[in-house]
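Okay, so chain A shows up in both of these, paired with chain B first and chain C after.
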Partner chain A sequence: MNIEQLLLAVLTYGCLYSVMTVNLNLQYARGGMINFGTVAYFAAGAYAYAIFTQEPPSGLDQYAFGFNSPWWVGFIAAGVAAFLFAIVTGWPTLRLRGEYLALTTFAFAEVLHSIFLNERRIGNGSVGLSNVNRPDFSWIGMSDNYGFAGAAILLLMFTAFLCHRILASPYGRAIDAVRDDETAAEAVGKDIKRLRFEIFVISAVPVGFAGALYAMITTLVSPGLFTAEVTFFVWIALILGGEHTIKGAIFGTLALILFEEVVRSFNFETVRSAEIAASVEHIMTGIIFIMILRWQPFDRFTKKEAVQ
Partner chain B sequence: MIDDILVVNKLTKQFGGLKAVGGQGGLSFNVKRGALVGLIGPNGAGKSTTFNLISGVLEPSSGSVALNGKDLSNIKSSEIASHGLGRTFQTPRAFTSLSVLENVMVGAGSTGERLTSVFSGSWRTDEADIKSKAIEVLQQVGLDDRIGDIVANLSGGELRMLEVARQLIRDPEILLLDEPTAGVDPSLQGKLSSILVDLHNEGRTLIVVEHNLHFLLSIADVVIVLQNGELLAEGTPNEIKNDQRVISAYLGDEYAA
Partner chain C sequence: MTLLAQYFVTGIVTGCFLILATIGFSLTRRVEGFLNIAHAELLGVSAFVTWGLNVKAAWPFLPSAIFAIIFTAVVGLVVGRLFYDPIRKLGPAVLLISSVGVAYVIGGSVDALVGTGIRTLNIPLATTYRFFGVRITDYQMIVVALAALTGLSLAVFMSKTKIGLAIGAMADNPELAASRGIDILQTSRATWLLSSGLAGLAGVVLALIATLSTDLAFHQILQILAVAILAGLGSLYSVMLAGLIVGIAMDMSVFWIPAGYRPLIAFAVVILVLLVRPEGLSGRKSK
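Showing the complex of A and B:
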């Protein structure tokens, strides 16, 4: 892998995952809600995109729906699907706090994963949907790799703008107050259920869009891609970047993706050396994780913004 | 206009079968508009529970509370706050991630707490007003030199005044203060009592829970005494000081006139 490809991959996946980290920052660091089911909204978006853009089933296909829509219809459908799933999961969990919410959202994500795996009429079960349609970038004279990197950057910019707009307003002040002390927030007229629900639902939408983009890039959606590992990756990135800031969330994600892609770019002569490298990667990830938590480089870098 | 701003009628609250407030027939009392009412009683008499029932933090087991003639049963505490009832807490509750100024500004219900307003940016027009109002109430409670500070730097007494300021920006008709002098040093208590008298003179109704009776009896119009969740006595400070039941249950002999 050459440097150009490496940087493109880091940018594309870094921005894509950053969309999730930035939204988790809104939900958790500011809204105080522990969501361990982030992958579910990502998966809902990816599946919605694939179902809307694929051709109707024929031959051996087990899936029941395919609408053959243009990519932008699928993209909007992805946002809507994540939005709806957030309403369905957010409404019953409104009263839950802390680890109870964490467990419930985790369970919801596992349920969705299980449905995708076992209900073959949605997406061919464990096989998944392959050859997902992707938009063509040739009309603006761009190769696919550059096109998707650009799309991921745009989506991240949109998400960061959205979050910043919310957090810099009295709305951000109100959700900070609700997170700090619910009873006191109610005593100054804050409807904590409404605020928490709105944050929960609105932050799911960009994650759905990211799911659609992911489906376009990989041209494959299958249950194996949307496991709890995605959620934990996003959580680790958020913690690495230091909580409370949009910049921190993005830096943490980019750093983590960079590390993974660099490790992946090595060529190995033998299977044995690849195995050793894989084990060393885990060890190195752990060591880097501890070092970052100890010195908090990104946190320090973004602290100015946080204090304001 | 209804003369009694607050009507508490046969209120009871049970915690796991144990009656915290209400006793036999339930707790009943009325508060006249513009009065400064002292609510006193021994520890565990149900004073804070009564506050929590009035402000909707707790739901009564039976009985009702009416504010300006409006029944508050089944109304969320955030809505009760919006109907003009403000309160502070026995243990000061500040929003620790916000600055002193922001703690007060968050008290004002900005239009910017609606998503539509957030995205249109229309909240910006009100923001300057809210800020100047916040500075004004911080001056009123004597915290104007701490405006840019973080909450962690405030003393216990200052936190109490911050809570009062956060309520004042909402311009409440009736304010429930839970032990405003607890943890406040004696030199500041004079200042505190003049702040309360000022609020009273502005026409606000105040209900004050307090153990510092020198402080309370000097400013209150009416005193309500609770014991074991029941109304023991109600009257002017002088009547209360001379009430034999109150002396033996709570005041002790030193207050006997």
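Showing the complex of A and C:
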């Protein structure tokens, strides 16, 4: 793999995953909600996009629906699907706190994964949907790789802008107040349940869009792509970048993706050595994660800045 | 009807395995106060140490199993001291997230050393017995016996020995325990040894009844969580009851719905319990 391809892949996937990290940042660092099921909204978006844009089933296809719509309909459907799934999962769970919320969101994500895996009428079960339609970039004279990298950057910019606007507004300060002291926020008349629910649902929508973009880039959606690994990855990226800032979330994700892509770009002589490299990558990621949580270098850094 | 009875019996075996896997997890949760996601990876460590000694080093099964349990207990203690102790003051949420990192490190290490593929222990094939048309293998009976024995001896240990009582006191109220002269650090270490040793035992059982692959450990955590949440922050007995309920519910569900949804039952339990009765079977509220 040459440098150009490597950088392009890092940029594309980095921006795509950053959308999730930025939204997780909104939910966790600002809203105080531990969502361990981020992948579910991502998967809901990807599947919705694929189902809306694919052709009606024929031959050996087991899926029941294919609407053959243009890509932008699928894209909107992806946002709507993530939105709806966030309402369904957020409504009952958000009165739970801390680790209990983490567990229920995690469980909901596994339920969705299991449904995609077992219910063949949605997306061919474990085989998934391949040859997902993708928009054509030739009309603006761009190759696909560059086009999707640009699309990912645009989506990230949109998400970051949205988050920034929300958090800089009086509404954002109300969210901070709820996180810092629920009783005090309630005492001054903030509707806590509603605020938490709104943040949870709003932040799911861009994740759904990211899912649609992911389906376009890989042209494949299958349950195997949307496992708890994705959720953990986004969490690690968020912690790596230092919580609480949008910039930190983005840099953390880009750094983690770069690290993964560099490890993957080595050529390995045997399957066994590639396996070992993948495991070592896991171990390294875990160690970085633990170290950052333990020493919290970014927290100290931002605090120092605040003092000066 | 026989088929339903068969699923019921298999469910009891599954439940007994879940009890073994969850007792240690639940102990950590009560004493250390957080959900240790890495607990399931310790099952993997133990299962693969057993496999390594039994198959690669050609040891007989029993010594390899005992060595694996002791080894896992020590690994658990080292992990607890090295990774969790320094961040205990940061609260259960950070500990939970850290334990994901620990699970990555342990899982990755097992992967790197063992590699992918499916493996079995070098033990005699299971003999099947029939009772009124319901089949059960000797290994399955061993699992049930082990779960009963472990539950019983743990109950005695917790209520009769000095360390057991100290662990119980620390689970109920660490400050009070400390003020009554219980050595918190020593008790915490004893808990890590005990809970990891129990994970080791569960890992050996897993190696006995299942074919081993490196992603096996991760799949257990979901069911362990289900049992632990259903049990709540209560005693040993609520864990045993919860384990049986989840095990039987999972296996009997196969009678009515496609087998692919079997793991889903565990999650349905998690979601239902947390929404309807967050304090679990034991009814004890978290502090």
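Quick notes on this structure:
Definition applied: the second predicted complex is superposed on the first by the 275 of 308 C-alpha atoms of A that agree within 3 Å, B and C clash if a C-alpha of one lies under 4 Å from a C-alpha of the other, contacts with A are read in each partner's own complex, and residues count from 1 in each chain.
In this section, contacts are C-beta pairs under 8 Å (C-beta built on N, C-alpha and C of every residue); 3 or more make two chains touch, one makes a residue touch a chain.
Predicted model only: the values in this text are computed from it and were never measured.
By the touch criterion defined above, A:I290 reaches chain C but does not reach chain B.
By the touch criterion stated above, A:A107 is placed in contact with chain C alone, chain B being left untouched. Of the two partner chains placed by the overlay, neither chain B nor chain C lies in contact with A:L258. In the superposition on chain A, A:T93 contacts chain C only, with no contact to chain B. Once the two complexes are overlaid on the shared chain, A:A184 sits against chain B while remaining clear of chain C. With both structures placed on the common chain, the touch criterion links A:I153 to neither chain B nor chain C. Contacts of A:H282 after superposition on the shared chain: chain C is touched, whereas chain B is not.
When both complexes are overlaid on chain A, the residue A:Y171 reaches chain B alone and has no touch with chain C. Once the two structures are superposed, chain B and chain C can be ranked by residues of chain A touched, with C on top. Shared-chain residue A:F232: touches chain C; no touch with chain B. Once the two complexes are overlaid on chain A, none of the chain A residues touched by chain B in the first is touched by chain C in the second. Only residues 34, 92-93, 96, 98-100, 102-104, 106-108, 110-111, 114-115, 117-118, 232, 235-236, 239, 272, 275-276, 278-283, 285-290, 293-294 of chain A touch chain C when the two sit together in their complex. Here chain C touches chain A in the complex through residues 34-35, 83, 86-87, 90, 92-94, 96-98, 100-105, 107-109, 111-112, 115-116, 222, 225, 229, 258, 260-261, 263-264, 267-268, 270-271, 274-275, 278, going by the rule given at the top. On chain B, the positions that touch chain A within their shared complex are 55-57, 76-79, 81-82, 86-87, 89, 93-98, 102, 105-107, 109-115, 117-119, 123, 127, 130, 163, 166-167, 170.
On the chain A side of its complex with chain B, the touching residues are 165-166, 169-171, 173-174, 176-177, 179-181, 183-192, 195, 198, 202.
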